[in-house]
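By written order: A, B, C and D. Residues from 1 in each chain.
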Amino acid sequence: MLTVSNLHKYYGDTHVLKGIDIEVKQGEVLSIVGPSGSGKTTLLRCMNYLEKPSSGQLSINKVDIDAKHVSKKQIHTLRQQSSMVFQQYNLFKNKTALENITEGLMIAKKMPKSEAEEVAESFLKQVGLSERKQAYPNELSGGQQQRVGIARAMAMNPAVLLFDEPTSALDPEIVGDILAIIKDIAKQGMTMVIVTHEIEFARSVSDQVVFMDQGEVVEKGKPADVLVHPSHERTKRFLKRIHQEPDFII
Amino acid sequence: MKAIRILFVMVVLSVLMSGCSGVQGTANDGKEIIQVAVSAEVNPPFLRNDENNEPTGYDIEYLKAVDERLPQYEFKYVWGEEESNLIGVGAGKFDMAINWFFSNPEREEKFLYPETPYGYSMTGLIVHKDTNNIESLDDMTDKELAPVSASGGLRSILNAYNEQNDPPIPLTTVDNPSNENNLKRVESGRSDAVFLNITTFEAIQKNLQLDLKVGGIVSKEPVYVVFQPDHEELAEEINHVTEELIEDGTLPELAEKWFGVNFFDDLEDISVEGFQYE
Amino acid sequence: MTFGLSDWINILGQVLDRLPLTLAMLVVSLIFAMLIGIVIAFIRIEKIPVLHQLATVYLSFTRSTPLIVQLFLVYFGIPQLLLTFGIDINHWSRFVFVVITFSLHTGAYLSEVFRSSYLSVGKEQLEAAYSVGMTYPQALRRILIPQAFRVALPNVGNHTIELLKDTALAFTIGIIDIMGQVKLILGNNYGVGMFQIYVAIAVVYWIICILIELVILWIERSQRKKHAGISN
Amino acid sequence: MAGIDLQFALEQVPKILQGVPYTLLVTIVAMIVGLVIGTILAFFRIYRVPVLHQLTVLFVSFFRGTPLIVQLFVFFYGLPMLILSLNDTFQWGLNPDIMSPLVIALIAYSINSASYLTEVVRSAIQSVDKGQLEAAKAVGMTTFQGMYRIILPQAFVTALPNLGNHFIMLIKASALAFTIGIMDVLGISRVIANDGYRFLETYLVAALIYWLLSIIFEIILARIEKRARTFEGRASNTA
């Protein structure tokens, strides 16, 4: 369904992704974890071509791309295979909750307006926001905005859903709600790639977990292996730090 | 892709640059069109605008008389402020300009002047009724002259005087000085004199009836049309017609009509003392 | 000399007769200025080689020299320049020349307004548009421009008012606008009543300016709800 | 371009440069006085002082909505008329010409400039986080001290680009001072041009001088801005 092979990314002289290989099967949920600055968000953004990889191959739903020679049309086709949920929600500020969802359906998918609205309403209902469909983003709370963001991404009916730390900008008491929604979607058999800090969530939702550090995949495998019994020293250190964190916060 | 962008920019620019089609240099009946720049700083009775904002006055009636006698040309009148008009004549945009232009050597270097003036302008110092010690520019070096414009014929006379005489006349410069304001300054004693065309003063005096008089006539300036330097033929033809118009009485009649005085005949009667151009 | 009421009505009537011309200069120049502004902003945002440097010089010159100098350059300089290539545009209407001058002048300012408002919208909005499958032109039209428009609006309003006042310069090359009519009236009066007439013309400009402000306010209000969040 | 006498133009440069001090005098005085008046008026608006607030709105609207040249004439002809009528009413003996054209120009430009700067200062002050003033009060400052020591320095940095633009605008606008007799760069250019009708040459020289002045001040302003922003730079480094 989704394969990344030998993907490199440079910012100037800085080598931020050092030959990443990843494969996600149909209906699988992949979580990417790792310390900040490890390159996990960059990797996710490369999958949607929001960042241009320096070299390597990408394939989503039979759309194959080689970063060395790629056309605008190919990028556009590749993007249509996936849909992204952003850390900062990134709702269109000049559109209502409903319009945020219909926009992509009408423009990119050429769906008639009435049909698009029907689809949008059903997804809004799924994330529990039917009654706020006419609200503009600035009138919604962070949690509500992220629900619209998720609904917007799902409505595009993509082959793969990409989540970029979807809960890290939210208040702690909201995080659980959003994670529950994502879990729900996972159960429906959606293929997903999730970059997250929520180790417990990653463990329970994922079929596969990738641990990244310093631009490399250090370890990948079943959540129980990577997150509970890691084999690599770097992974162990990371997990230890994560578990200690609450002491610092309180 | 970049090429397409640049092309797009070029197209937009060229659309901007084109806009409308040019008017032909010749009229439908084969007459050559002469662009005459007319000074928008109107100064009746030489020049003023009528109710349709068309130029009229002595200047225009003179040019219309010339145009009638030169069937090969058709004069077109274009308003513009004097400086702009002169730049335009220099740049070849207009064929000639009219606005009681005075002549001086520097200007003759830049523009073509015809030999014969189409009229005269008397300049003088306007003073308070009770002032008797101001008759010429020499009397003004220790007095206060009301503000004068930076450009125009009056200014040139003052500049030339100041270049050749020491001490100079202290000048205050104002763009488009208000004649009314200046005359009232003299009446109330805030200034000692206004340097003005006598005809202008008389016309204002008719309305305002101020306690003022002409202290002394400074100069009697011949006034000219100015041409683009390479329009010698046109200048020659117009010069010829102007002479005819003076001889057959057309211009003296016009002068009588607009100024109430025939400045062509009375030339000798007016005492031309004080400063004069070489 | 004092003016009676009928004199004032007469003077005001003459001046207001020229109002359509002033407004025509304003509107036509503004439209072209917006086009120029968009093109220049585009060139500067995309950093198109050569054109980008040319645009910078153009901006610097237009913004640092008096408008009257620019008017003379366009009215006298460009025709002479083109004449050396055998193109004669001297007989074009003066209206065209003032419109070119004002468009180039205001366009320089508007390009900066457009550029900064475009940049203020932020990359995230574009990314969001990409992530729902839009192409760049689609994102531009549906998401970026509507948001940038709202940011740009107050500044566009300010430059429209500046342009209105600048149109008074058109009389220099003989276009009789409302200011020109005032000068002609004064010339025919030998400058009598200058102070009063200038106060009157000031009020006329002021009223037009307030009307422009009201239009901008009205557009802003009609957009407000959608965009209240942009200021956050 | 044909018809341009370059040698003549070059010869005039020293003469026209003599106008630069007047151009700068008008610009700098208008900037400083305008900033002082503008700041006071901005506070009238921010604190919605009754009457003064409405008068300020009216003032700003009028001076921004009418051509500067009209304002100059109104001041030039109006101020002496005002003094004369005061003399009539109160039997004073004030000299109506007590203000030279230069003083009148300085007054007119300062007031015009104030109308623009009121809005610049107001928006800059309002852009400073409300919490800053509360923090100042929390450490025992009065409102005035908080404004003076905390808010205004921050607002100044925000306002700097606009102040810079306004300054460049004033340099150009000062060219109109000539209409009431100031021998600034454009004024001298026109007087020189008149004798030989060489307006294009002198105007070109004037344009280049204005351009150069603007570039010099743009560089100076960029330096000031860089220095003023140091505290922001350090703040973001430590964050």
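Following the convention adopted for this analysis, contacts are C-beta pairs under 8 Å (C-beta built on N, C-alpha and C of every residue); 3 or more make two chains touch, one makes a residue touch a chain.
Labels paired with UniProt names: A = Amino acid ABC transporter ATP-binding protein, PAAT family; B = Amino acid ABC transporter substrate-binding protein, PAAT family; C = Amino acid ABC transporter membrane protein 1, PAAT family; D = Amino acid ABC transporter membrane protein 2, PAAT family.
These numbers come from a predicted model, not from an experiment.
Top contact pair of chains, counted by C-beta pairs, is B-C. Chain centres were defined as the mean of their Cα atoms; on that basis the chain farthest from chain D turns out to be A. One finds 46 Å separating the Cα centroids of chain A and chain C. Averaged C-alpha coordinates put the centre of chain A at 53 Å from the centre of chain D. One finds 36 Å separating the Cα centroids of chain B and chain D. A straight line joining the Cα centres of chain C and chain D is 22 Å long.
None of the residues of chain A touches two or more other chains. In chain B, the positions touching at least two other chains are 83-84, 87, 91-92, 176, 178, 181. With touch defined as above, residues shared between interfaces to two or more other chains in chain C number as follows: 72, 76-77, 80, 194. Pairwise, the chains that make contact are A-C, B-C, B-D, C-D. Only residues 1-3, 61-62, 64-71, 73-74, 77-78, 81, 168, 171-172, 175, 186, 199-200, 203-204, 206-207, 210-211, 213-215 of chain D touch chain C when the two sit together in their complex. Chain contact summary for the complex, chain D toward chain B: residues 1-3, 76-77, 84, 96-97, 101, 178-181, 183, 187, 190-191, 193-200, 203.
Residues 83-84, 86-87, 90-92, 104, 106-107, 109-111, 147, 150-152, 155-156, 159-160, 172-176, 178, 181, 188, 190, 226 of chain B are the ones touching chain D in the complex.
Across the interface of their complex, chain A is touched by residues 124-125, 127-135, 138, 142-143, 146-147, 150, 225-230, 232 of chain C.
Of all residues in chain B, only 2, 5-6, 9, 12-13, 16, 19-20, 22-25, 37-38, 40-44, 48-49, 53, 78-81, 83-85, 87-88, 91-93, 176-182, 200, 203-204, 207-208 touch chain C in the complex they form.
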